[in-house]
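Below you'll find the structure I mean.
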Amino acid sequence: MPKKNSMPVKDRAVKAGIATGEEVLPVERCLQIHRIMVLARALEERMIKMSKSGEGFFWIGGPGEEAFNTCLGFQVKKGEGPKFDYLHFHYRNSATMLAMGMEPIDAIRQMAMAWTDSFSRGRNFPSHFSRKAWNVVPVSSVIEVQFAMAPGTAIMQKRHGDGVTIVVGGDAGAAQGDFTSCLLWSSRPGNELPVIIITMNNGWGISTSHCSQHSCEHTIERGKAFGIPGEVVDGNDPVACWYAVERAFRYSRSTRRPFMLEAMVARLNGHSSSSGALRSDEPDCIAMFEDRLLAVDVLTQSKIDQIHSQAHAECDDAVAQVMREPRPGFGDIDKFTYSPSEVDAVYPGDYTGLP
Amino acid sequence: MPKKNSMPVKDRAVKAGIATGEEVLPVERCLQIHRIMVLARALEERMIKMSKSGEGFFWIGGPGEEAFNTCLGFQVKKGEGPKFDYLHFHYRNSATMLAMGMEPIDAIRQMAMAWTDSFSRGRNFPSHFSRKAWNVVPVSSVIEVQFAMAPGTAIMQKRHGDGVTIVVGGDAGAAQGDFTSCLLWSSRPGNELPVIIITMNNGWGISTSHCSQHSCEHTIERGKAFGIPGEVVDGNDPVACWYAVERAFRYSRSTRRPFMLEAMVARLNGHSSSSGALRSDEPDCIAMFEDRLLAVDVLTQSKIDQIHSQAHAECDDAVAQVMREPRPGFGDIDKFTYSPSEVDAVYPGDYTGLP
Amino acid sequence: MATMVQAVRLALHYGETHLGVTDIFGEDVGPPLGGVFTATQGLRTAWNSPLDERGIVGAAMGIAYAGGRPVCEIQFCDYGFNIIDLLKVAGNQRWAGAGEFDLPMVLMTPSGSGIRGSLYHSHSFESWASRLAGWKIVMPSTPLDAYGLMLSAIIDPNPVMVLLPKALLRVKGDNLIPGEPDDEGELKRRIDAPVGDRAHWQPNWPAVEKYIVPLGVGMLVREGTDATIISYGRTLPLCAQAADQVRESTGFSCDVIDLRSIFPYDWKMIAASVKKTGRVLIVNEDTEVTNFGEHILRRIVEEHFYDLLVRPRVLMGRHVPGIGLNPVYEQNTVPQLPGIKAALEALAKDAV
Amino acid sequence: MATMVQAVRLALHYGETHLGVTDIFGEDVGPPLGGVFTATQGLRTAWNSPLDERGIVGAAMGIAYAGGRPVCEIQFCDYGFNIIDLLKVAGNQRWAGAGEFDLPMVLMTPSGSGIRGSLYHSHSFESWASRLAGWKIVMPSTPLDAYGLMLSAIIDPNPVMVLLPKALLRVKGDNLIPGEPDDEGELKRRIDAPVGDRAHWQPNWPAVEKYIVPLGVGMLVREGTDATIISYGRTLPLCAQAADQVRESTGFSCDVIDLRSIFPYDWKMIAASVKKTGRVLIVNEDTEVTNFGEHILRRIVEEHFYDLLVRPRVLMGRHVPGIGLNPVYEQNTVPQLPGIKAALEALAKDAV
């Protein structure tokens, strides 16, 4: 199990940065993370607005999870195929996608249900990503099924290179059997798998508190019986998140074994637009990070304001553009059902209605 | 969590008996247990014969689990309704049923698929018991679903008296999500349930070894994250089993909380008749117990032989009688589908075919 | 008049005060939310479960085995596809267990499209459910029927599934539930939890009364002579509307049957009407391959083939992997009023 | 000639040596057992999984996402009722995910009655499976078709489910698989694992060849002029036998169609035959409420109502909670030869 302070000494010493305990995150990295966090927040806020204005319908997303998700995204070994990392997300991972390089407009296209939505062609809810070039497998709304699939991608990765599988879910969802399936399948003796099993613990499943249903405070405790090490991290602290994610990646990538991470996060806009997407008074990881950046003069308030307004402008522009883009039409309903097949006499191409 | 030696001092001291460590099981109890173990074995062997002779088809059962199962059966608070214990068995619990007072002929009627089979009317596989008067809910072949149901009976018991729910499954089956559901639902904070969660660990799931699939040696380790105490017991030793079961009952009955028990047992006739029901060379709990009973002169070899032949004779007689009993007929196919209902216009009584 | 979701809440209240209901539970069913559709607000025996549908159904079975009368909820039927094995066991336990145990459990779940739910909040469940031998399945299309069917579901000592059409949950009825206050605003004030802090809120239940819609009894919502329309749930009011419009414009008049019970269904009512009209249109929104409406058609063909004057028709949802979020998808995936009307007009035009 | 289970084994061998199959897995699928029906003995890529059907399907999906070609097994389809949600996701992921990922996975599972399996080894799965949009579903009735369909299932880049009729798994075929040794004993010696110690056993695979049964193509196993019988799986040979006997005794001759593919089904073949004969008998053993055969009937009624000379018939399993172990239950729950013959004779007698 990796040690908390296993960060190379030089990183800690040579550069000034933001510190949590003995861990210091270099300034440039902090700024990079901050920018994505802000962009992610602006994106979500714009999408919430869309859900109220009728430019979209339903909203669900990740305000409050930006610190962790951004640190995760920057450290992914991004690419296509089993030599790269696979990502099995839940519906609050937009910051991870942005850190990996997604343009905000991509998310907005999905929110706007446009035909140009490359994740689902206007079919799926927001933050239900799917991108083959980055090994982001399709996000489904069915809580926790990604945990049943994650061992599969890791089985392939164990045979090719040093890619790892990342699977992310909520705290309430850990009640599903699939969470245990993931622990079990990732730890079969002699067949341990490089899976990073992540719980984003915001303390709630819709209206039901974690502590009312779960006797264990942290889901990583469930890993012990399977010999899976794990760590709980303050998901509001990008410095702590950065190094926790780094340790998890280092461990899984090198040992080819599973690791658990649990980020304690906020749910800043409630569960979804169904519950109003109202702002809660939980701690805000961006504001807190900005206080720290301001305190050591890494950023000024006016620079921060500028970053925010740039992010908002980028999202506004994206919405404006998307509103001019095509929507799906009647004839698009069957598309992408089947991949072309040389052995299918009825559907050699795509699905075309009943045989 | 109960201590291993919490048995009242008087029980240990006043009577001679068979000892395991500091635990001593009184002679009379030993003889009672031995008789049921032998009867259970004779019953299973007779049913295996039936599966080969055509008097029945498929056999599955509990040779190798008699020591534990008998000790369990004797300590059940037997009766109907939530004030008594509920039993959610797997398909190897015939010794428990015999210890509770079942006649061997009841099991044979099911094996023979007779209409007189009170458990399933000739419909289900052997050892798929169902007896309302004893709170034995119907056994299904679907591995581990009983673990999803067990919290339900315990919810009712927690409201009425001191009954506990007993749920039993195999080691391989603990891979199913339902096993975890049972741990989780039994340990909800403030809503802990009196469930005794039992794994009969014979090291195999059909042809697949436990250690090839499970990183934890014992399923009770899985309980720790849920705050559920547990104990592993040598399932071949009736003395150890007796007191382990006693501790489990005492804990769950008095604290109204869950407890885990894992009995390390043998699978003496393989998985089922599908794999031949051939005798394996694993340790035989009956032979071992008899050696101990012989060693302290509690039984003689001729008395043992007599007990065995009586048991076999009882089973042979039962088979002979069952062969004369009625079989289900064509008209019986729909029966017992529905309970009579005052609000159903189509099926006020039972099911009678399509509307 | 009460909405369907209020009607369900009133029925559950009647259930826990008069019919022995011991537990109403599921994800977010208890306080503070009282269900994502508010169906379980203010109920004395309502509680929140873990996010575990298998545990929910299993617990309901256990409670029913042990003498309780549970009503469990699957938050959306779309999340009931990992429990079919448990539903099968619930349906077969009595048959397989020589009738030793009754299993008086109710499973309620919102079903169908119409709430812009995208893939996982638009599924229909009745075709799957109809395959579960040992179960009884109902699906109301009005608040009053929801009340009466829920009471029957609770009273019946067998597993009963109550499918609630998502699209109709917030629609008001035309009839008062016996005991319901005349004034809608009053009902709302008395039984709808306030927005915001609910810590000290208590409902003030009206004294609703016993009202039974028996299982297996359909409702003839329109009477006519020329054709038979068979439907239920979300598409039922559309069928009634289509029938009215076609009758208005052409004089072609239809029996419109609201099945209400999917199983057992009211075969007598169907058969009598088909015999009378010789023209059949079956409408539901579940997917079109191996659909419950195809079963009804098979029964009609089997027993009334020679009574059919023209080709019978079945309108269903398309066999595609899901219903997409953009309205163009839903509009063109499941039957809507124009399509139903067109099918009816075509049926009317078919020469004998 | 190879049995169906041997044919499946040979196909999987061809798959892992020629078609890129990377993983064949499930409960007891790997050594030493090689599957409870021996379908996976001696295969290089076969391995044992935990007793967790959800994990099995999930792992197959993950493997397929990551460029592998998995064939996973559900030991009996009877244990596939807790995975319907995962199967739905497998079927909809491409549609919902803008076609980003293919999911070239095969799920194989024994289906149907006929092995004295009691409640949980006698279920049929095809009606459930046919409702899974995005999947392709096949069910062979001969070893050669099992071989050719399995190869197609492997080659097809979409999720394909191979339902293997339990009752026919040990039945020998009438045709050699290309590359199969002429001598049955030789085949057995070369590819069946010995009873007892298998630690050092290695199969000696014959050089079987590529042989494709395309998806969506039925097989006309009997040709006739008077009626059309549509079936598949266990009931198909019974239908052929019934057709032969009735033809022999009365001269009434039938097309007998072995669908082979449940979805997509061979509508052209069905339609052409129905048009020709005007008399229809559909036979399968799945339960009779919301049955896939009822879907086929609906298509026929929809498109060939006026071609039907007499009332079409569907024979199916009874809507009861299960198939009991005593043979009286199975005999009278699912179609058997006498019942099929009787139905055919009745169809023949119906006046035009």
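Labels for the chains are A, B, C and D, by order of writing; each one numbers its residues from 1.
The working rule: a residue touches a chain if its C-beta (ideal position, glycine included) is under 8 Å from a C-beta of that chain, and two chains touch if they have at least 3 such contacts.
No experiment lies behind these values; they were computed from the predicted model shown.
Between the interfaces B-C and B-D, more contacting C-beta pairs are found at B-C. Comparing mean CA positions across the assembly, the chain most remote from chain B is A. Taking each chain's centre as the average of its CA atoms, chain B and chain C sit 41 Å apart. Distance between chain centres (mean CA atoms), chain C to chain D: 34 Å. The centroid of the Cα atoms in chain B and the matching centroid in chain D are 37 Å apart.
One simple way to say how far apart two chains are is to compare their mean CA positions; for chain A and chain B this gives 46 Å. In chain B, the residues that reach two or more other chains under the touch definition are 120-121, 123-124, 140, 142, 175-178, 181, 184, 188, 212-214, 337, 354. Each of the following residues of chain C touches two or more other chains: 50, 52, 54-55, 79, 85-86, 94-96, 119, 133-134, 263, 288-289, 319-322. Per the touch definition, chain C reaches chain D in the complex via residues 54, 79, 81-86, 88, 91-92, 94-96, 119, 127-128, 130-131, 133-134, 263, 287-292, 294-295, 297-298, 301-302, 305-306, 310-314, 319-322.
The touching residues of chain C, counted against chain A in their complex, run 27-28, 30, 32-33, 36, 48-52, 54-55, 78-79, 116-121, 288-289, 318-322, 324-326, 328-329, 332-333.
Listed in rising order, the residues of chain A touching chain C in the complex are 57-58, 113-114, 120-125, 140-143, 172-173, 175-177, 205-208, 212-214, 274, 327-330, 332-334, 337, 351, 353-354.
Looking at the complex, you find that chain A touches chain B at residues 175-181, 184, 187-190, 192, 211-216, 221-222, 224-227.
Within the complex formed with chain D, the residues of chain A that make contact are 81-82, 86, 117-121, 123-124, 128, 130-132, 135, 137-138, 140, 142, 145, 147-157, 165, 177-178, 181, 184-185, 188, 335-347, 354-355.
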